[in-house]
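In what comes next, chain A is part of two complexes: it sits with chain B in the first one and with chain C in the second one.
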Partner chain A sequence: MQFFEYIERDSVMHSLNPVVKLVSIFLLMLAVTFVYEPYTPLIFSVLAFLQIIIMGRIPVREVFKMILPLILVLAGITITSIIAFNTAAEITPAVLFSAGRFIITVNSVKFGLTIGLRTLFFLLYSMLFVITTDPTDFIISLIRQLRLPARVGFGTLAGYRFVPLLGEEYRSIHQAHRIRGLREDKGAVAKFRRFRKYAVPLMVTATRKAQRVAIAMDSKCFYAYPERTYLREVKIRKIDIIYSIIFGIVCIVIFLALRNYGLLAWGYRSLR
Partner chain B sequence: MEKSLKKQYGWTTLDVVMTAVVGVVFAVLYWAYNQLFAFVFPFVSASPVTLQAFVGFWFIAGTVAACIIQKPGAAFLGELIAAIISMLLGSIWGVWVLISGLVQGAAAEAVFAAFRYKKYNYFVVTLSGLFTALVSFFFPESVTEGYLAYSIPIIIGMLVVRMISGAILGGALGKAITGWVAKTGVFKNFKISKEKE
Partner chain C sequence: MNKRPVISFNDFSFSYPEGDTVLHKIDLEIYEGERILILGPSGCGKSTLSLCLNGIIPHLIDGRISGSLKVSGMETSGTPVSVLSQKAGIVFQDPESQFCMLRVDDEIAFGPENLKKERSLIIKEIHDALSMVNMDSCEKMLLNHLSGGMKQRVALAALLAISQPVMIFDEPTSNLDPQGTYEVAELIRGLPSEKTLVIIEHKLDYFIDIFDRIAIMDSSGRIIAVDTPGEILTGREQVLKELGVWLPQIPKYMNKFIKSTKHITFDSHGQVPLNITEAKKAVSSSPFAGEIISFFSRMIEEEILAAPPAYNIESNRKPDPLITVKKLKFSYDGSGKMALKDISLTINEGDFIAIAGQNGSGKTTLAKILIGLLEPGPGSKISFRNPAAATGHSKLPAGSFRARTEDVLDFTGFVFQNPEHQFLEDTVYDEIIFGLKSVNKKRNILNDTLMERKAEDMLKLMGLEDFKERNPFSLSQGQKRRLSVASILVMDHQVLILDEPTFGQDYINTTGLMDILVEHHRNGKTIIIITHDMNLIFRYCNKVAVLKNGTLAYSGYTRELLYREDIIKECGLDVPPLLKLYRQVKNDAAL
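Up next is the complex of A and B:
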């Protein structure tokens, strides 16, 4: 298991404005979320995959390395949804399995697949975003285009830089415990105690780092004036507008095609 | 917004950076928790109700930020930043995590606001976790996971377990962690240290 990571490449997806990319993905996610049949999320998952490997020029191997560990969760979500779907034999006659009042119908399986494939679709599009977006550009874009307060933005960026340091910190705490002969017992209570033994020193070092960063920002008169300039400019350019239009058209065409073949269904009530 | 943060509510640069750092620390913990969750998922997923017992921990960043900073907006910002970093580290719910962060942060913020940002005791914190659990069940989780398609008894069971989880893991645990860390004296530049023990 590993973090999603920004992979530097020279591609169309990489050159897009982060906020434009995020908003276009979000709008599509919003639309697909209200669809209750497995075909739409499946087709858009394929689209996401193609966007990652063709438009993002990311090697297929990298994509699978990140998805495979999550397949178990996707399967779990699918099974939970199949079991929990509220269905009645008289409304949906195609019963696959029944035990007393508990029944599984064709529609429960459809519901489960919808939720499972939709999660795969969420996963792939968020991967497309993360893998092709420089975190620094993303935060600056949030400040410039979405008016996130700059102090919050740069604070977050400073914090994001701490992530690898936190891993190091975790290892040194672990070694400090080991060298002092601290046993790592099993069981829920021991696990909770251990969580505390790690959480407190981690928070302490993080707080100290935050103080140092804040002092550095203050001493360099960060945000002394309301107007400021930026070293890295992140703007909305022509390519963003062209991409948004083409992406929008492709999505609408896919929706229309699905409707044409009678596959599109909105709302979970369509499964009842 | 920049001006109002500073002038009206007395946010210092340190408060802003600290909130961001709390968000980041808990985003990493969320990530680790997600791995644990993925591991236990197949065992508990047989029942959607038991699954809800794990949810509360995802609300903890807002609680911790609020308890340390004790100023308007801390819970909201803490949870939002945790969500942004969570998305960057990788989450199966993708961009929806941002929306979850916004909603959860706003819900927690509403409870602290109801007490005029003056009380950060176990009662208020527990209430905030509980309320966050309730609100985020309906939006965005019901929308993304299709909970409303379940039968009513299951939905009620899920809500009850979820609210208890939110109160304990999202509320009380967050307060407990800040308490443990406060004992080390590292918070001496924050409002929390001006509290009477």
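Up next is the complex of A and C:
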């Protein structure tokens, strides 16, 4: 499975401070979580999409390439939610379809779409953050703006480098075991034995690499002083403040407009 | 030379908490601006010594120390790493695990940032450091897109930006191909003369003339001799041989010549020439030039190019193709970048063939495709015949890919580059028995006593009989390698593929292992090794296939490769130093 990855571009979204970006997205996500109708997440999904392609200057093709494989998952979540809602619902005002105990109502469809679109909305904003944020800038921003200890921050970055390495390692071990004549026996016991045979070499490698990196970092005067300077100027600048204000206003206007049209509904109870 | 010591060991010992004494009563002074080589067998404590110099030992790695070690006048046991690391920096062996950042400029900035340098100064330092390692304008490159050689150059640049007076190199080239090794050696040679360099290396052919002094360490962690390279290689050669370290080729054969004649020394001090230039001078000014040249020629035949002929040539039989590859292509991510392109290659029964090429040229990928661990791209044709079976080709795409792989694995063994990857059992003995059992699963030919005997024989052959009950992961690097080979060898396959079997091994381990392979080959087995060790290829392999960026640049007899200087150069390979010297002195003599 392909995860979202940072795409280097020169854009407004890229130039924003990672922590500012993260906090603004987080606050919006928090607000939308309490909304129980499909319109709000739909509108904000559109907003996220526009932010990705216009403010992030990411080609539409790239966005679809990352989202399309997830469409099935989204559809699955939507359908499951429609069905699940039915069993929990006590009042069923408008039945759309029923077969025995199987009842689909207007509200269950609404609920399903809410959950599906909310997931889409989360995905798009996560994507906006991940593909427009340089991981190194993100960590440094956490250290500088949110006072994350440098030890934790740089340790995380070093560990981040190992993720693909350990993946390769895993494949290599799998192949090496096959060569030795280890066949994939079925059953829980065999699975557990196999897990152990993978776990030991993987952990040995990971521990050794981690120790080496730790030694290498300390060899480069890490924590020679309580403070350090930074090559990367990850600060909160004017553009971050302007963006936050505009983004905040846009979000509030959207919420107000939705309420004005009677579309906004907070809380699970609104679906009763 | 300025005789001010920057590093002084005084009766210094170190042992790990488990009890093994690693460094034993070391007395050594290293002077300002000096370049010293620490030479010793693998596992003798050289790396431990280097970690003592910047205080990693004892501050980060626990253990008992006694005696005194002063760096720049500071006692290491009483000075924190953050201070000592400003005096002494280390370039480590493994290029993968000495970086904590993702991009070149961030990595180089890491040290100066820790030292609270101004941003503008850091930018200048990054620029200067990169220019010193010939990597101008590589600031924004991602570290994991760099070759091994470039990674080591970045590691060096990162130290240059911190600008410690002492720089330590802990086998910086052991992961690198000839081209990368050459580049790193040249950079070390060109470092500012005021830097004190402590270097641990075993590829001495590239390094030997860099040093002012050599310190020899024995396997018990003692320093047994410290002297100039000339003195050491002239007077202590026997000791080095016994320790099993790699000797640089030029002095080794010059010494050998002197020993064979007994009445010649090379210069007024009686010291052996170290590099090609010195040796050339010595030979041309020697009255015995003719004798030396014919001696070289004999040594080249007997030792440098000593690859055995394919056994079926000896028996005058026409070689039978074993593996035939046509138009092979492969891509890791389905469509995008091709890891291998249009490779057509034949490997005959009885070949002892090397797959050579730079890091990342596709050597391991090719080998994994041959045995079916990776599925080749559409249109590729591979046929792999079982030499033991009278008929029946294991062809692709006939039948399912999986079935074909099972078929090939039945008569082909593969030793992985990292021995740990193939360990399956908790003891050395079980590890070997495992292979026998899996052979037995298919053809029930061994009873328990026979299996035990075979396992015991294999343990003895590999010098592992005293480690039977040990956990494979607790073995030394050399022992792990021998065990991983043993566990495959015991299955007695017709074809054996080994991925970098001599990587990180010292001379004794390497020759021991190769002798076993030669014996195996003599018994009619086909052997394929993946390596970029040119001395190994010329000495042991009768054929070689050279890969360059995923294409086949050369395939044929090893000896004929010697005349293809274009390929040697393009593919980042090298010719054994003695051969280079021989060609040059012979040319001069002919003029």
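Just so we're on the same page, the second predicted complex is superposed on the first by the 242 of 272 C-alpha atoms of A that agree within 3 Å, B and C clash if a C-alpha of one lies under 4 Å from a C-alpha of the other, contacts with A are read in each partner's own complex, and residues count from 1 in each chain.
What we mean here is this: contacts are C-beta pairs under 8 Å (C-beta built on N, C-alpha and C of every residue); 3 or more make two chains touch, one makes a residue touch a chain.
Owing to the predicted nature of the structure, the values given are computational and were not obtained by experimental measurement.
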Note to self: For A:69 in the superposed arrangement: first (chain B), second (chain C), both or neither?
What the structure shows: first
Note to self: Touch test for A:179: chain B only (first), chain C only (second), both, or neither?
What the structure shows: second
Margin query: After superposing on the shared chain, does chain C or chain B touch more chain A residues?
Written below: B
Notebook entry, point to check: Just chain B (first), just chain C (second), both, or neither: which does A:221 touch?
Noted result: second
Check: Who does A:229 touch here: chain B (first), chain C (second), both, or neither?
Finding: second
Next item on the list: Give one of first, second, both or neither to describe whether A:213 is in contact with chain B, with chain C, with both, or with none.
Entry: both
Margin query: So in the superposed three-chain picture, is A:165 touching just chain B, just chain C, both, or none of them (first/second/both/neither)?
Written below: second
Next item on the list: May I ask you to decide whether A:135 touches chain B, chain C, both, or neither, giving the answer as first, second, both or neither?
Entry: both
Check: Where does A:260 make contact in the superposed view: on chain B (first), on chain C (second), on both, or on neither?
Finding: neither
Notebook entry, point to check: Looking at the overlay, does A:204 come into contact with chain B only (first), chain C only (second), both, or neither?
Noted result: both
Checklist line | Shared contact residues on chain A - chain B and chain C | finding: 135, 155, 158, 160, 200, 204, 208-209, 213-215, 217-218, 222-223
Note to self: List the residues on chain A that touch chain C in their complex, please.
What the structure shows: 135-136, 154-155, 157-158, 160-161, 164-165, 169, 172-173, 175-182, 197, 200-201, 204-205, 208-209, 212-225, 227-233
Margin query: Give the list of chain C residues in touch with chain A in this complex.
Written below: 51, 54, 56, 60-61, 81-83, 85-86, 89-90, 92, 94, 96-103, 105-106, 109-119, 122-123, 126, 143-144, 158-159, 162, 368, 371, 373, 409, 413-414, 416, 418, 420-424, 434-435, 438-439, 441, 473, 487-488, 491
Check: Can you list the chain B residues touching chain A in their complex?
Finding: 1-3, 5, 12-14, 16-25, 28-29, 31, 35, 37-38, 41-42, 45-48, 51, 77, 81, 84-85, 87-98, 143-146, 148-151, 154, 177, 180-181, 184, 186-187, 189
Check: Which residues, counting only chain A, touch chain B once they are in their complex?
Finding: 1, 3-4, 22, 25-26, 29, 33-34, 36, 66, 69-70, 72-77, 79-81, 83-86, 111, 114-115, 118-119, 122-123, 125-127, 129-130, 135, 138, 142, 147, 149-152, 155-156, 158-160, 162-163, 166, 196, 199-200, 202-204, 206-211, 213-215, 217-218, 222-223, 226, 268, 271
